[in-house]
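Both complexes below contain chain A, partnered by chain B and then by chain C.
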Partner chain A sequence: MSASAVFILDVKGKPLISRNYKGDVAMSKIEHFMPLLVQREEEGALAPLLSHGQVHFLWIKHSNLYLVATTAKNANASLVYSFLYKTIEVFCEYFKELEEESIRDNFVIVYELLDELMDFGFPQTTDSKILQEYITQQSNKLETGKSRVPPTVTNAVSWRSEGIKYKKNEVFIDVIESVNLLVNANGSVLLSEIVGTIKLKVFLSGMPELRLGLNDRVLFELTGLSGGKNKSVELEDVKFHQCVRLSRFDNDRTISFIPPDGDFELMSYRLSTQVKPLIWIESVIEKFSHSRVEIMVKAKGQFKKQSVANGVEISVPVPSDADSPRFKTSVGSAKYVPERNVVIWSIKSFPGGKEYLMRAHFGLPSVEKEEVEGRPPIGVKFEIPYFTVSGIQVRYMKIIEKSGYQALPWVRYITQSGDYQLRTS
Partner chain B sequence: MAVNSFIKDCEDPNPLIRALAVRTMGCIRVDKITEYLCEPLRKCLKDEDPYVRKTAAVCVAKLHDINAQMVEDQGFLDSLRDLIADSNPMVVANAVAALSEISESHPNSNLLDLNPQNINKLLTALNECTEWGQIFILDCLSNYNPKDDREAQNICEQVTPQLSHANSAVVLSAVKVLMKFLELLPKDSDYYNMLLKKLAPPLVTLLSGEPEVQYVALRNINLIVQKRPEILKQEIKVFFVKYNDPIYVKLEKLDIMIRLASQANITQVLAELKEHATVVNVDFVQKAVWAIGRSAIKMEQSATCCGSTLLDLIQTKVNYVVQEMIVVIRDIFRKYSNKCESVIATLCENLDSLDEPDAREAMIWIVGEYAERIDNADELLESFLEGFHDESTQVQLTLLTAIVKLFLKKPPETQELVQQSCLRSHGSLKTEFFEPTVLDELICHIGSLASVYHKPSNAFVEGSHVIHRKHLPIHHGSTDAGDSLAGTTTATNLEQPQVIPSQGDLLGSLLN
Partner chain C sequence: MPYLGSEDVVKELKKALCNPHIQADRLRYRNVIQRVIRYMTQGLDMSGVFMEMVKASATVDIVQKKLVYLYMCTYAPLKPDLALLAINTLCKDCSDPNPMVRGLALRSMCSLRMPGVQEYIQQPILNGLRDKASYVRRVAVLGCAKMHNLHGDSEVDGALVNELYSLLRDQDPIVVVNCLRSLEEILKQEGGVVINKPIAHHLLNRMSKLDQWGQAEVLNFLLRYQPRSEEELFDILNLLDSFLKSSSPGVVMGATKFFLILAKKFPHVQTDVLVRVKGPLLAACSSESRELCFVALCHVRQILHSLPGHFSSHYKKFFCSYSEPHYIKLQKVEVLCELVNDENVQQVLEELRGYCTDVSADFAQAAIFAIGGIARTYTDQCVQILTELLGLRQEHITTVVVQTFRDLVWLCPQCTEAVCQALPGCEENIQDSEGKQALIWLLGVHGERIPNAPYVLEDFVENVKSETFPAVKMELLTALLRLFLSRPAECQDMLGRLLYYCIEEEKDMAVRDRGLFYYRLLLVGIDEVKRILCSPKSDPTLGLLEDPAERPVNSWASDFNTLVPVYGKAHWATISKCQGAERCGPELPKTSSFAASGPLIPEDNKEREQELPDSGALMLVPNRQLTAEYFEKTWLSLKVAHQQVLPWRGEFHPDTLQMALQVVNIQTIAMSRAGTRPWKAYLSAQDDTGCLFLIELLLEPENSEMQISVKQNEARTETLNSFISVLETVIGTIEQIKS
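Up next, the complex of A and B:
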């Protein structure tokens, strides 16, 4: 069901620190991990789950570290990967940056955390805010009375401590929608979906009960508000932070919760949409082999005039043997990035409804390359503040605490590019 | 000495110290010492502080690993079972985890003693414990066999909210429970159909996670699509490959896309496959080309469409694409002898680039089969014959067969080419299909390593003779809940309702 041991390795595969939870897999087995990884990578058969004899390695990579769990049993793979990612999250909260230096500089804390995060292979307490209350950078926590395990750890509300106090009680709500788009070479939209997240920054005293009201279509239908003026959003799938009462949501679509302190992601949702792609790209890439390649890219902002897209970056793939770039843009600037084999056309401010053009010209060597190259798609990055594609709205945020204070909720909407790709012919 | 300090620490006024003592005690794997640790452990299991109790619960599992007999003799298993009724959800979750871990080495004893009463306690704790506790409880629930469809439905209703959890492991464990209990629900009920609909969105959302999580999800979705294709039939677009997906994600998505392909969406799928046949990864391309061929074989109306897609691909002149294609075209010809004949001439032009044994074999077969349409068939075969001893056995056999065919069609030209003939053996399939019992067993292991390897746990876990094979619950239980845990696989599977995929509808239902 669980992991046998967890290792943190450096980029060469050497263990920096490890914890043996169950003792049924020899710690020396980790030596097989890196050679196995390198071999599989060369074969083009890399996978997150590798096995060597009876030992299985489940691994993830974070900057210049590998986190590897070993097991000899039929462990719950999804649990192990979730746990490894959670561990990274906890370390990042503690050390800000997580890389080899952070581990080397903080062996003691890392060891204490590995001790608390998992017991005998079962994940235990992984909430970094709560952990920070009793596993701290200060030394010797075993002085009597000095530190105790917060009762929060075993409470039903294990993500928020009692006795939090703020002078000014506020909640900041960020609704961030990412647009994923996949367009075919002949311009037809293969995949168009919105992945939204609602992130909260909570500065509230005590143990407040919060209720979030969205213009959720299913909720409207249940409460008879659908039709007419009430615009609603059909959320295909919703995922919640563990603080949300899932059974209430399942019952009547109420989103009610006692929030953790500080910032956290409350929920994420997904919906497919037939809406026009926000930024539409038309491209003509003419390759005259042995001589030159000419690229013409037209970008159209297909969103309302009042909105403006910021930080637009359009990356157009270029053959890897191209040279001598020359650009002409109607707005913004273009830059050739040879290490990624792309031209990046940056437009600081792109109002809705506008259309802009870029032309690029590259030379090609007279000797053609032997190998076949892949055809990477055109990628687009952008951010449109005060705007959502789906039309989702925070109708209200009710905050109730027994001391009866008034708290102010603030809402902000933003739409950004997710996986936004247009294939080229 | 060390023992004394542990015993003292287990009575320390600070619960943190008591718990740390219990936790460390369990890591000392020296038999002599463990005897002394029983008393402190017993006290901590009944400690007033839940943090201590939850740590003590895990300690029992640790001790069991060191000395199973002692744990049983000292009655710790009963204490663990009592903790399932504890007021604190974390304690319950850890007790469940410990008992589940221990019962892995005792497959036939009903250690957890699951019955409707303690199932209810588990369901209550499910709503209150952390995400990890939820996973322990859900995995435990998936081993329970409800006595009738009402109980199954009740449990499903309480588990379904967990599909909205942000933690993908919770979602997968919930899916496992639901997939198992679906077997017991009446197929025509509204609830059954609603549940099927509810399962699709969370599975799709799993694909927005980190790549490793996507990989585990995809391997499991592959099983689910084979068992219950109706759940994801409408969602084929989700499995269209993205350029920057890691290779292991791409291969899985491709596999699932093939399984979901049907008459209705075949044109889209072919367009997508063609796009990927030019990607620079040999495994991937071969799989894509193979998939095109399979589509042609499965759906006759699309054979011409597939044929033209393949012709387009030949023009790319990419060596491994062409080679893979020849194998695929040979398979198409074997099924439909009069389609795609225009291809033959183009194929013959590409003979020089063939070095893969499969491709050479396929080409030889084609030449032999269509000898009458190929003017220089004898020359082509002769060129293959020159390197006869360097070829693989397979190719050699095919060559001999082709020569015989040629001889029968054009005897005078082939005289010199004739040698003794053998039967040629069947080609190899490029994807896996499961025996129904194996598939069912893998469904019982959704989320685990077995579901990622697509192999039952006894294939890769040592000491596998003690692992009990799991199987799906049977409708209208002819055995009661207690027995089926211990049952063998033979009797129970006879009555299992099987989902029989309708022929010609889904491509993936190619069960030979």
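Up next, the complex of A and C:
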């Protein structure tokens, strides 16, 4: 990849801040960006890649900002987008929220970061944990001028500094599975997949060597553990954090690594085995033109009775000109959110096997609106603790450090909704 | 924005910067400097306080230093003489005990982009390369490339290059990758950094230590390495196998490309790689980042071009979700259109049908065109769906359906009957030019099968005065004349009226001329009109273009993971036309316009472009493969520029001809199977000025002749003639070999 320059623009396309890394594309070219974007949008041909003459603009939008990379080369698109997203991630860790105000308020740090993230159009140090060691938020305070180079900038293991110390050595393991679901209006499941991630929160001293054991089917078959009462899971598309020794995983499926300090995502995987939709929705939306809309939604928990889904939110679309809402729910509460044109039915706790009902009634104006409306889907949000759809389990986590301390791993399982949509007719 | 004008602001800031009280108070001093930078960021010209800012660089406060250096890099090109004054401070900082300061100073110094700075930065860079802190070495290594760029056309410093090559063995992974990047830039005229066996193996062993950017980049550099033996090749593939599983999409794509190219002689390995990359690509297609998802979809389409069935079982992954942006939905519809097969056609069509009634007219129309595309293979089902859509009586739907019908009957004549039955009534729901033209064309060509065709056309004739589109009038003239030939009694009267209107009242000259032309033609006699106007009503052989022979993976492997698949090949061709010189940049000798002074924007590209036509010789560009759709569109829109008949005796082997044409960079878009009579082929070629040639070969063995028709997108006789002679030579040679 090579980006010639990176720009952060406000919503009107005015550059808030920019960095010219390579100098082979005139900085004034950015003036063409917004007109081009608007023109493409009108033509219905907007894409995240625009070109003007010799210059390519690769851009992403984040809240009210545009991040644009310009290049005159036939660059590697996915790498440039990854870099822009990385930039956002780093900024977010510094400013909590990234938007026009935070860029304006922190322009000194933004310049400092842009300087370290990339040089001559090539990404350099992009790990925010390492950056935070030598570019600090309190830059307004005076420094002594004797700031040391943090060891990680020069380390062989680029993701962990040496000499980390904790009184209590602990590792928290979160196994999180998101369910993506797309159901057609006639009730047939079009798409159902599970995306799992294992996140670690590491509070360990020194340079520990970790080994994680899962009930991975391939591993069980390798070691002859399969069959019997050992339930195993077949993981697809396993992806690891850079710290995991991939060659070892390929050889004997061992997940071994020296972890970064603090929070990070160790691995992700996918399962496309068809599972019963955890929360099933049946809906009837009847629209009587010029008078009213009547909505009936039935939700059913199709998971184990012992488990409970928390924070269930079912959002049902209503016409934008609907008024005077009335609701009746067998459990939980319903709320009309006119700015999103939905009714949100919230159920704090939803045990498996239960079935609940909501009815809603809306008035419609007698004069019908001109423009046609789309048919947004019903969306569902939920979280089921102590449960994974796939049945994945952490069998052990071995922690070895040369000082020989004892460390405790804590494991937590959670299943939550990902992109969970049911189309309406 | 400041309330004051920028001049007042500069004056005020200058005063503040000079004020010894402020200078003594670090916090206040830094605040003033921050204000300067803030105004600079807002686009105000702050070059007026350059002197004062240079002075402010002598500080122990590293943040203040950073700000000042940033300021200097921005304004140095405007104030080169003043900037030289800052060099001293910078040089001093380059030997500061704090490596952060050394790195910062060196990086800033190399980014000054002004003439004359080279001589000052050479020594600090050399020192930097040997610095004990890797942070400084990283900066120094890239500094070499910056220095080389500042020199312009200067000669490559051999000693420096050697030093960089030896730094490839550095401890620090970023230094290693920076070395590659830097060497690539310095040696770009010699074809970039050389990857020999020891370097390649060294890099391969370091791969796992690199960050995602480094890995992606090294994978790209490794493409240059040719393993000596098959064994070595498979060892390398094994070593890099795990990178197909990386969590970074950039690395996955890079690894895929690497595998495809390295295994270019082993088709089964390539196929295996594409099978294994399926999962990661599908995951990227549902990535949270829309842009990465878009890029992945573009690459999926690229793969589908060679392996049409590759993603067929995963078709549901390409169903659109309500909230996705337009560009993703459009890509998904294209993908669905291409992966359709006997098993999933029912479900795909059902899904696409749902999109046809989407609120977004653009998206709905794209879905209808997609169904039209699928109709070329699954005609009956699709025509039925399209016919049902007409029942919705929506303008934006009807017009696209009718256009789809027009294209369909031309390619698949078997559906003519069904289309003709569906047409009546459509005229009420069509307002736009494209739709009207399509409908009128259908009524003219197939009017004898549509009972009310004359009445519909009569309506158009009645309203011709208020018709705004000349193209519709032209189409109407032709259609009515055609219908007149098959149904004279019903049409004679209105044809007269239309001709009268066009000749006497029409203001558009093209329409008027067309009217006059038909009028005179009619005077010659009805048989003559028939002879001239009645051409075939369909051309299924053009369907050949829709089902091109499988395109080999190697034809696009080198474009994989670049901008080409993201723009689409056709669009890329038009973009690179204006960038033409830039793409072949490294091979061409550099012109002297890359002077050491002045802005470093490579303006020499423009000059090269102008130079090329003068050279006179025809240069066909390799690997300029057009898509069949693009070819068809262009072919239909152009007129034949040259037609000629060559003798052809004896046997005929299409493969030999295709290979021979490939050698001279003429690409085959589609051709009939060997032995078909008459045998047809469509070819394309493009020269370095962007002029496109489209060629049709028609071989009729009975007559022992090969008919050549050439179309050209820019009328340039000279290039046309040289192109024809190239083509003649190739065909002549092949013919001689055979006979």
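One rule holds for everything that comes next: the second predicted complex is superposed on the first by the 405 of 425 C-alpha atoms of A that agree within 3 Å, B and C clash if a C-alpha of one lies under 4 Å from a C-alpha of the other, contacts with A are read in each partner's own complex, and residues count from 1 in each chain.
Basically, contacts are C-beta pairs under 8 Å (C-beta built on N, C-alpha and C of every residue); 3 or more make two chains touch, one makes a residue touch a chain.
Computed from a predicted structure; not experimentally measured.
On the superposed chain A, the two partners chain B and chain C do not both fit; they clash. By the touch criterion defined above, A:Ser78 lies against chain B and chain C together after alignment on the C-alpha atoms of chain A. By the touch criterion defined above, A:Tyr111 lies against chain C but remains apart from chain B after alignment on the C-alpha atoms of chain A. Once the two complexes are overlaid on the shared chain, A:Arg270 sits against chain B and chain C alike. Of the two partner chains, chain C is the only one that A:Leu16 touches; chain B does not reach it.
Once the two complexes are laid over each other on the shared chain, residue contacts for A:Val25 go to chain C alone; chain B is not touched. Of the two partner chains placed by superposition, chain B and chain C are both touched by A:Asp119. When both complexes are overlaid on chain A, the residue A:Pro376 reaches chain B and chain C alike. In the superposed model, A:Ser283 makes contact with neither chain B nor chain C.
By the touch criterion defined above, A:Leu182 lies against chain B and chain C together after alignment on the C-alpha atoms of chain A.
Superposing the two complexes on chain A places one of the chain C stretches 9-17, 27-35, 63-71 or 99-107 into chain B: stretch 99-107. Put simply, chain A uses residues 1-2, 23-24, 44-49, 51, 54, 56, 58, 60, 72, 74-79, 81-83, 85, 115, 119-120, 122-127, 134, 142, 144-145, 147-149, 153-154, 156, 158, 182, 190-191, 236-242, 245-247, 249-250, 265, 267-268, 270, 372-377, 419, 421, 423 to touch chain B in one complex and chain C in the other. Every residue of chain A that touches chain B in the complex is listed here, in rising order: 1-2, 22-24, 44-49, 51, 54, 56, 58, 60, 71-79, 81-83, 85, 115, 119-127, 134, 141-142, 144-145, 147-149, 153-154, 156, 158, 182, 184-185, 190-191, 195, 236-242, 245-247, 249-250, 265, 267-268, 270, 371-377, 419, 421, 423. Of all the residues in chain B, the ones that touch chain A in their complex are 12-17, 19-20, 23, 26, 29, 49-51, 54-55, 58, 61-62, 65, 88-91, 94, 97, 100-101, 104, 127-132, 135-136, 139, 158, 160-162, 164-169, 171-173, 201-202, 204-205, 208, 210-213, 215-217, 237-238, 240, 242-243, 246-248, 271-272, 275, 278-283, 316, 318, 445, 447-453, 457, 460-462, 467. For chain C in complex with chain A, the touching residues are 26-27, 30, 34, 37-38, 41, 43, 59-63, 66-67, 70, 98-100, 107, 113, 133-135, 138-139, 142, 145-146, 149, 171-174, 177-178, 181, 208-209, 211-213, 216-217, 220, 241-243, 245-250, 253-254, 279-280, 283-284, 286, 289-292, 294-296, 316-317, 319, 321-322, 325-327, 351, 358-360, 362, 561-564, 566-567, 575, 578-579, 582-583, 599-602, 605. Listing the residues of chain A that touch chain C in their complex gives 1-2, 15-17, 23-26, 44-49, 51, 53-54, 56, 58, 60, 72, 74-79, 81-85, 107-108, 111-112, 115, 119-120, 122-127, 134, 139, 142-149, 153-154, 156, 158, 180, 182, 190-191, 236-242, 245-247, 249-250, 265, 267-268, 270, 372-377, 419, 421, 423.
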